[in-house]
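Structure provided below as structure tokens; questions to follow.
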Amino acid sequence: MRSNFFFFLVRRAINAFVTLLLLILLVFVLIHVVLPTPEAMAKVYIGSTHYTQSELQSVIVRYGLDQPIYVQFLNYLANALSGNFGMDSLYKVPEMQLLDKFIPITLEFVVVAIFLQVVIGVLTGGLAALYRGKAVDWGIKALYLVSWAAPVFLWATLLQFGFAYDLKLLPSMNVANPLLTPPKPITGYPLIDSALEGDWSYFDSLLQHMVLPVLAIAITGFGLTTRMMRSSSIEVLDRDYVRLAYMKGLSGGKVFFGTVFRNAIIPIITLTAVQFGFAISGAVVIEDIFLYKGMGFFLYQSVVNLDYVAILTTTIIIGISVIVANFVADVLYALVDPRVRLE
Amino acid sequence: MTSLLSSEENLVKAEDIKKYFLAEKSGLLERLAHKRMSYIKAVDGVSVEIPKNRTTALVGESGSGKTTLGRILVTLETPSSGKIYYGGLLVDEKNLKEVRKRMQIVFQNPFESLDPRMSIREIVEEPLFKLSADEKQSRAKAALEAVGLNYNDVYYRKARDLSGGQRQRVAIARAIAPNPEFILLDEPTSALDASVQSQVLNLLVELKKKYNYTYLFITHNILVARYISDWIYVMYAGKIVEAGNTEEVFEKPLHPYTKLLLRSVPRLEPGAKLEPMEGEAPSLLNPPPGCRFSPRCPYAFDRCTKEEPRLVQVSGGAHAVACHLYDPNRRWK
Amino acid sequence: MDIIKKAVGFRGDVDAAANTGVPQNLTTWYYMFHKKEAVTGMAIIVVFLVWSALEGTMQALAYYVRRPNLGWVLLPHDPLASPNPALSLRPPSLAYPFGTNLNGQDILSRLLYAAPKDAAAAMVVVFSAVVIGGLLGVMAGYYGGWTDEILMRVTDAFLAFPGLVLAIALSMLIGPGFDSVLISLTIIWWPIYARLFRGQTLTLKYRGFVEVSRLFGVSQLRVLFKHIFMNAIDPVLAYMALDFGTVILTYSTLAFLGIGIQPPYPEWGSMSSDGLSFFPSAWWYTLFPSATILLVVIGFILVGDSLQDALSGRVSDR
Amino acid sequence: MNAITIRDLSVFYRTPFGMVKVLDGLDADFEEGRTVGVVGESGSGKSTLGFAITRLLPPAGSAKGSIRFYDTELLSLPQKRMREIRGTGIFMVMQDPFSSLNPVKRVRDQLIEALQVKYERRGEDLDVPRAEKEALKRLSDVKLPDPDLMMLKYPHQLSGGQIQRVVIAMGLLLEPRVMIADEPTSALDVSIQAQVIALMKELQQNYGMTLIFVTHDLAVASAVSDRILILYAGKMLEFGDVEGVIKEPLHPYTQGLLKSFPAGSYKDHELYSLKGMPPSFFDLPPGCRFSPRCPYVFDRCTKEEPRLVQVNGRLVRCFLYDKSAEQ
């Protein structure tokens, strides 16, 4: 029944969209709780302490801050949906223009990190489940405990000192060597752009700079994946269909990869979407430590500079990316599990 | 409507009960897309009478709708259409509370039906919440002793720390504590071991003798039904196919389904050959036209696939069957 | 006695074995006290919590009787001592087991002084999240329909914000300080509990004992609380134990970013952050605070993991 | 000739409360080409027996003693050799149909997986179209309607009875010499149960398989088996031909089980019921494990553990038949 899969997709898409609307509403409410009067809002938009009363009034009129609250919300919503989040009070450029530059940088390294983390997590988790109770299991448990329980900044710091300052193997900060000229933006994603333009020295520099932040995120994140994979594998190993697979006379390896793996991986998909959110949170700290100038770095700078508009815009953008990640996970889930797809 | 089965006084009567469940999610989206809704016809036009102070068995395989019907009869579920009379009174919104006070229920799985965090005493006292503390305790005590449990041994324990048989006794004690007239027993022994099952069956018989309860005993085990009941209804795919005095139905089963079912039950006779009926129960989403048993029925003729048989009385009122084979006019139709 | 059944792995066979007459509460505890990891975890947590209670009481006392030094009578040194360049950046020694910081303050004393705040943050955030999330989740699950739909979309919207980012935004908006961190952490923390409780409620509401209570005419409030909330809490318990650790991690990370308790008051995260710039040479400066966070969080994870095994019965491995 | 010979088999489970012995000193012969019904209530160790023979006990379980498959000792066999016996030597049908098949793979792929094993062992290459034909044939052998449609389905689209047939078809593809069925019908409806039982009986006769049929239902066992083995709290209480066990049971437990089988109406007689319930493995009664529930219990029963004795060609573990002097 293909049509049901179609309905499933549409329903999930609508859910995602409603969630997005609520998210924008939430941010709007937050702003208005903190800045209840038009004047307070206007001051934030001006962004400096030096202003005249007439300037204040003109900002209020320009941004429609004196209008009824629902009109303001509809305006905000319409603007947000069309990607217009207003001017940045600090840089005096449209917010999106700034973020356009920062988002790809963060997404690039977070996606690589998530990929790495899932690979490590699934392998170690599966291994631990296969050898449950044995030394391998204990070793993996110790490993993921330390990785999971450590604050993000601890690993980042240790990596930075170890590989960059001490061993001098890898660059300690920045997205790429600042002496090189970046490629012309085609997709906006530096890694892809430099590859497209054949600028391999820049590509290489990007990769080198990416290693440590990616490792820092993957190390702090893989523990959760390992734990989930281990417990879901153990659960699957206890199922009758695994016993039946052994019963057929299949070898341990075939049973694991043919039967256990496919089933145990299902919950990992949902988890990974959640992990994506964690990784972006982590990116705020990581980018600060490695001066990796992406969205997280931008957010942190905005916090330091009390740039409300930038903080809220970044928050919305991150929220959107998490919603998209969840949607993708839903679809993947349905593709992997015929019970969802054919229900 | 005249009585289907007997001249006995009926405690509960249900007329033309239907219960349709939506087969899939039907949100705004599906409605907008004009998707045709499909319904699971769990119970499809069923009338039953439950004689007072008797045990009526409702027998059927999974998917026959027996549990849904039972739940409708104790008002746990609202029927899509149909009427229920309790003691001659039409059950509606207004008298629902009153009616509910007079009925109780014992579920199949004693592991599910008792709150695992509550003590036995709390569990048995729960339906008595309107009474004073002393009254509650003495009633709970009496109920637990009546089901063969020692109050002082069990009242403080948690349900999850008892064995299956003991839990089922507690569930029965909870059911009898508020002095109901009517008790729905939904497969009360199917989760129990053979040696414990007979204990519980005996207990139920004994309690009925003592307190004159009216039981509706739902089961898939036709031998258990035969043992415990006075009257029996046999359900198949949301319909009642045969009903009557238990002895008569077992001595002279009429409906082909009942006959075949009796022949599929393994008995304690070595070497006895089972004669299974063919096929599986039909989908309740789109049941076969005509008689629902017709695709599996060895005696099916063309009328069976065209016209739905009605439940009609045979042999003077104590036995009814829904099968065209027993329609005297079948040749002419 | 689900533990035994699951410990063994087969459904039917150990049913009778399971019927030992030992109450299940006891089995859970028995398990928790006979598993090395669980005991280790509990030891860490007990030390952390007892110390926090003790030191927290002293600090509260100090505040009310206006004698600040009462706050550190239990500590080897004054954690808030005024800067003393002579003592600056001393490596660990007998007098200063964890060394000193740039201001010459004893790192051990500062760690111990900050502990109650971490414990309080974990408790307040997790418990408020359980209450709020429990209430909304149980309602969404029990009533279903539009109530459910709306509440779940709202939770989705909250869950879409990565916790740390929303906490940053919120504590910026509410203003700096411990309270604002607690409020913002609670705001981001409840939705996950709403999800958990809703899921539990969905399975519980069709359980026999809930249906029977409805038939009895037991009040809805009682059904919701006694039968549903109380039964839903068991599986949530293990998650809570893990979550205490996660809250401490997030709280420290916020402090690392300079959000939350402000100087001169010590906080584990900000202490690590301060020490970073002196890392290779004055390694103790950042490592001891980080290691403390690590240890406490590991304690909570160990307990949460074992509790999950014990409560869900998934102990088939050892 | 015995297909399976069990000698002094004990199975232990590690639990948080220490070891439990779920099977205790079991001796039994399973003759080639015959069906033995293993009957016991929950907690009797009956399912454990099948998993012990196939060496698929959960990690917490361990077995001691001897299980021979024809001439091969299974318990000491290296994993790799054991694997070669599973499938084509011994096959097992599981209790719960709804978790018996891999939910993410089509029936076709799961059947072909089994065939792959068979061909590999014969040293032949798998020819997919041929294998598919073979699988189709077996699916129709187990009387599944529309086998070619069935091949393309996922397990969740099948009913319990259909899945059990698919699993049995899988067994037939592998042509095992011994088939163990662990309560294959307890999750099925009576009419479907009868179909599956008839099918298993027919196939067992056609293929000359040795069948070990584990069940909690004495009536089901009597319908399929040639011999019946009664287990109680990990001990074998009675073992003999089905006629004898059902018509004149020797052990008081067997007698009690038979008498408590519902028959007739409550108006005519009260059902016999054994008092009490099966013991816990943690708290086994001294002497005979059935003694606390036994209507004929006497002194010796609570002091000494009865031995198996042979009475009328049957084995029974009860002092009523053991005339040997008290120790």
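Structure notes:
Note that the chains take the letters A, B, C and D in the order they are written out, and that residue 1 is the start of every chain.
The rule is simple: contacts are C-beta pairs under 8 Å (C-beta built on N, C-alpha and C of every residue); 3 or more make two chains touch, one makes a residue touch a chain.
From a predicted model like this one, the values you see are computed outputs, not experimental measurements.
Any chain bridging subunit A and subunit B, meaning touching each of them, is among C, D; the list is complete. Taking the mean of each chain's C-alpha atoms, the chain whose centre lies closest to the overall C-alpha mean is C. Averaging Cα atoms per chain gives one point for each, and the point farthest from that of subunit B is the centre of A.
Pairs B-C and A-C differ in how many C-beta pairs touch across them, and the larger number is found at A-C.
Centre to centre, using the average C-alpha position, subunit C and subunit D are separated by 48 Å. Subunit A and subunit C have CA centres that are 24 Å apart. Taking each chain's centre as the average of its CA atoms, subunit A and subunit D sit 52 Å apart. In subunit B, the residues that reach two or more other chains under the touch definition are 163. For subunit C, residues touching at least two other chains, in rising order: 9, 15, 19, 21-22, 316-317.
Shown for subunit A are the residues in touch with two or more other chains, namely 132-133, 238.
Taken together, the subunit D residues at the contact with subunit A in this complex read 51, 54, 56, 58-59, 79, 83-88, 91-92, 94-96, 99-105, 113-114, 117, 121, 154, 156-157, 167, 170, 174. Within the complex formed with subunit B, the subunit C residues making contact are 1, 15, 19, 21-25, 207-209, 211-218, 226-227, 230-231, 234. Of all residues in subunit C, those touching subunit D in their complex are 3-4, 7-22, 27, 30-31, 34-35, 315-317. On the subunit A side of its complex with subunit D, the touching residues are 132-133, 238-241, 243-252, 258-259, 262-263, 266, 336-339, 342.
Within the complex formed with subunit B, the subunit D residues making contact are 41-42, 145, 159, 161-162, 189-195, 197-198, 216-220, 222-223, 242-243, 246-247, 256-258, 260-266, 270-275, 277-278, 293.
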